[in-house]
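Below are the structure tokens for one structure; questions will follow.
By written order: A, B and C. Residues from 1 in each chain.
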Amino acid sequence: MDYLGIIEIGIIFSLFVLGMILSFRLLGFADLTIEGSFTTGGAIFAILLSNGINPFLSILISIIGGGVAGLLTASLHCYAGINKLLSGIITLTMLYTANLRIMGRSNIYIEQTSVLNYINEPWYEFFVLLIIGVAIFILIKFFLSTNFGLYLRATGENESFVKNLKSNPKKFIIVGLIISNSLIALSGCLFAQYVGYSDIGNGNGMLVSMLTAMIIGENIVRPTTLNRQIISAIIGAISFQLLYSSALQLGLKPIDLKIMIGILLIAFLILTKYGYKGKQSKNIGANFI
Amino acid sequence: MLELKNIHISFNKNTDNKIDALYNVNLEFHEHQWSYIIGGNGSGKSTLLKIINKELIPDKGELKFNSYKPTDVMFIDQTTIKNLVPSMTIYENLIFALKNIGMNPNFRLFQNKNYKEIVIDKLKEFNIGLEKRINEQVKFLSGGEQQIIVASRIMLSNPRILLMDEFTSSLDQKWAPFILEKLKKFITVNNIMVIAVTHDYSQIQNIGDRLIMLKNGKVFADKKKENFDFTTQSILNLFYEYE
Amino acid sequence: MKTIKNLSIILLAVFLISSCNQKSDQIRIGVIQYANQSILDSVYVGIQKKFNEYNEKYTIKYQVAHGDPILNATISKQLVKDSVNLIIALGTPSAQAVTNDTKTIPIVFSAITDPVGARLAATMNNPGGNKTGITNMQPFDKQIELIRLIKPNVKKVGIIINSSEANCVAGMVYVRKALEAFQIPYEEMNASSSVEIITSAQSLATRCDVFFISPSNTIYENMGALKKEAEKKGIMVLGGDQSAVLKYGSVGTYTYDFVEMGVNTAELAIKILDQKLNPGNIAVSRPANTYLYFNMESAKELGLTVPDSLLNKAVK
């Protein structure tokens, strides 16, 4: 088993899960845009890099690209009054075309040296991912530890509470979705670098996979505090990848893997909902299920 | 002074069962005054509070804040947990109430020694040991304890106008007088205007300064403490009169 | 405590699973396939057929990614980690993933329409690095020539393309070149869904007398709809793969046999392993043989006569 590789992919996916925790768990916004912004992150990065743009600048722009997608979904919900799920689906559909237009084709191979393969050694890749991961987690931890973060969490659980504080909940939904989708675009951009290509299908099935990762993480690390909630992202992403690789190693046919993820997700969702002997869950955040 | 002038509002406007929730309501509220609003179901009590809280806009008439700003108003819902964020801790819930600190969503860190002291001092006033449990989630507190957190929120945020929709309706007789007396003392000291809707007439005698009775969206009676006896019996008599 | 317990259960499971891994002296070939598409499946059948001739000299580790990017990356890393002797990659994203993951293990890709465009090969003659393979760029020149041979007085050829598919864009370069070489006028229309295909077909039907099937998956998936529109107006459909002719009434086409393409792929892999060749120096090839297919029923319905000289060459 390639444990280093599992941790590396785990770190990349933990950023995705962290973004999902922000929108799904803390804001209570089941945002379906994320499959699209994952692809967008990779697409923008690949096209910019192959046009000779600096890798760091390319990453930055791909993050902004994800943020724009989040802004669109949030605006559709907040200003056009469209249902949360539907606004996500609308943006997701539009992103499909946008991603194709960005790349100009359905698939780009990343042959240039970029951030992850600047030095062609396994430890280097791991080291860079670790630094990026730790930096992002600290940033998000800081963000959620501010009053703004507190209001954002309150919006997810009790919107009228925020209204009664004479604050506009829309503000927090918009900022929350922008940050969440930016994180997911970053994850997509790192994923594209890691696998060496950006493909229009890169986001396929990511939502359910990462939802499973998030729920697994939450069941291992009961997220009763903000810190635990954040840690659950990394534990969930790595455990998910570990289970995924082991199932494959065991000889489970890849076609059965989808069913396995589905069953796993259902089991953990039921556990999350009813698994506390009828007591209220101690977990923080909104219930989006 | 808060003025409601000639307020009209109706629901289901375009249907046959049009309801006049408030009809030609003229009221003045003053500082230092705890007004109770009573009336039967559908008499327009909650609608009145929502109009003052700017949740509803009247069809006709004028709401004059005079020297007040809309941000001076604090609204307390009748369901206790709706005034709190259930999965947040006591401390986090009370941060929102800290004037100039938590009341606007800025990028200051909320874990801070000074804030903690303010919160702990406030909880100590109630003397039931909540100050030692500030990192517990409010959803696991009892109803009375949750209501104390709501009362602490009111005191910490120190609004100029306080709107309460059946503040103690979900509490048993052990907690209600205790919390109300604490609140009354605070409100008298800080000169806060209170407009409260209630069904529990027993509390009016000790707390209330003024009694407004609504009937079918109209003001039916408006009594001051000086010229009316606020006992439960006399309030009930008022109701019979109205029948 | 509960956290540690949960975590340890997962870790234990993982270790038990990973200890089942067996080793052997056989030559190990890893096959990674991006999705279960009929062409890729046929290619794999051919690969399997060839390796099975060697009586267990080779073991094949075959895994399909089902179009799932995580699975694709995981399978690719796993094959590299297992240090198999050679990797065969079917489908562009899979080939890209393994190319990215290893610079040492020889890679043979197959059924890739445009290896240069996908940056899998620097040039067709000299792919470079540790990889070479077989392209399934169809013999478009021969297909276009068929139009002239079957319908010499063709007015205009209508082609529905999907410009969002890399394969289609790459293939159309050759199609246009061939059409111009044979001096056949043509008109293209873009469609990216079944609904758009129907409207494009209706529009093209008013001006064209031949539909040429472009190398787009969207078209292949919606052959039924295209056929219906063509039948209504009595338009000749031509080109495509074997099933387009046998099932969907395309009059005829030149195409590859994908099982044979798989056999060729396996032969290339065996050659690299036996002679310890550097794949980067071996030119990307096309399958050795092309086959001619006809659908006589369609031809009859349209009142066309297929020259005997062609019929003799046809497989079906």
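Simple rule for what comes next: contacts are C-beta pairs under 8 Å (C-beta built on N, C-alpha and C of every residue); 3 or more make two chains touch, one makes a residue touch a chain.
Since the model is a prediction, treat every value here as computed from it, not as a measurement.
Student: State which chains count as neighbours of chain A and simultaneously of chain B.
Tutor: Touching chain A and chain B alike: no chains returned.
Student: Which one of the chains is farthest from chain B, going by Cα centres?
Tutor: That would be chain C.
Student: Grab the C-alpha centre of each chain and report whichever is closest to the global C-alpha centre.
Tutor: Closest chain centre to the overall C-alpha centroid: A.
Student: I'd like the Å distance between the centres of chain A and chain B, where a centre is the mean of that chain's Cα atoms.
Tutor: 41
Student: Could you tell me the distance, in whole angstrom, between the mean C-alpha positions of chain A and chain C?
Tutor: That pair's centroid distance is 33 Å.
Student: Please tell me the distance, in whole Å, between the geometric centres of chain B and chain C computed from their C-alpha atoms.
Tutor: 71
Student: Touching chain B in the complex: which residues of chain A?
Tutor: My answer: residues 142, 145-148, 150-151, 153-154, 157-158, 160-161, 163-167, 171-172, 224, 280, 282-285.
Student: Contact residues on chain C for chain A in the complex?
Tutor: Against chain A, the touching part of chain C is residues 2-3, 6-7, 10, 13-14, 17-18, 20-21, 36, 63-78, 81, 92-93, 96-97, 99-101, 103, 117-120, 164-166, 169.
Student: Considering only the defined contacts, which chain B positions touch chain A in the complex?
Tutor: Spelled out, the residues of chain B in touch with chain A are 53, 55, 70-71, 73-75, 77, 82-88, 92, 95-96, 101-111, 137, 139-140.
Student: Which bits of chain A are touching chain C when the two form their complex?
Tutor: So the residues of chain A in touch with chain C come to 1-2, 5, 9, 100, 105-111, 120, 191, 194-197, 199-206, 209, 219-222, 235, 239, 241-251, 254-255, 257-258.
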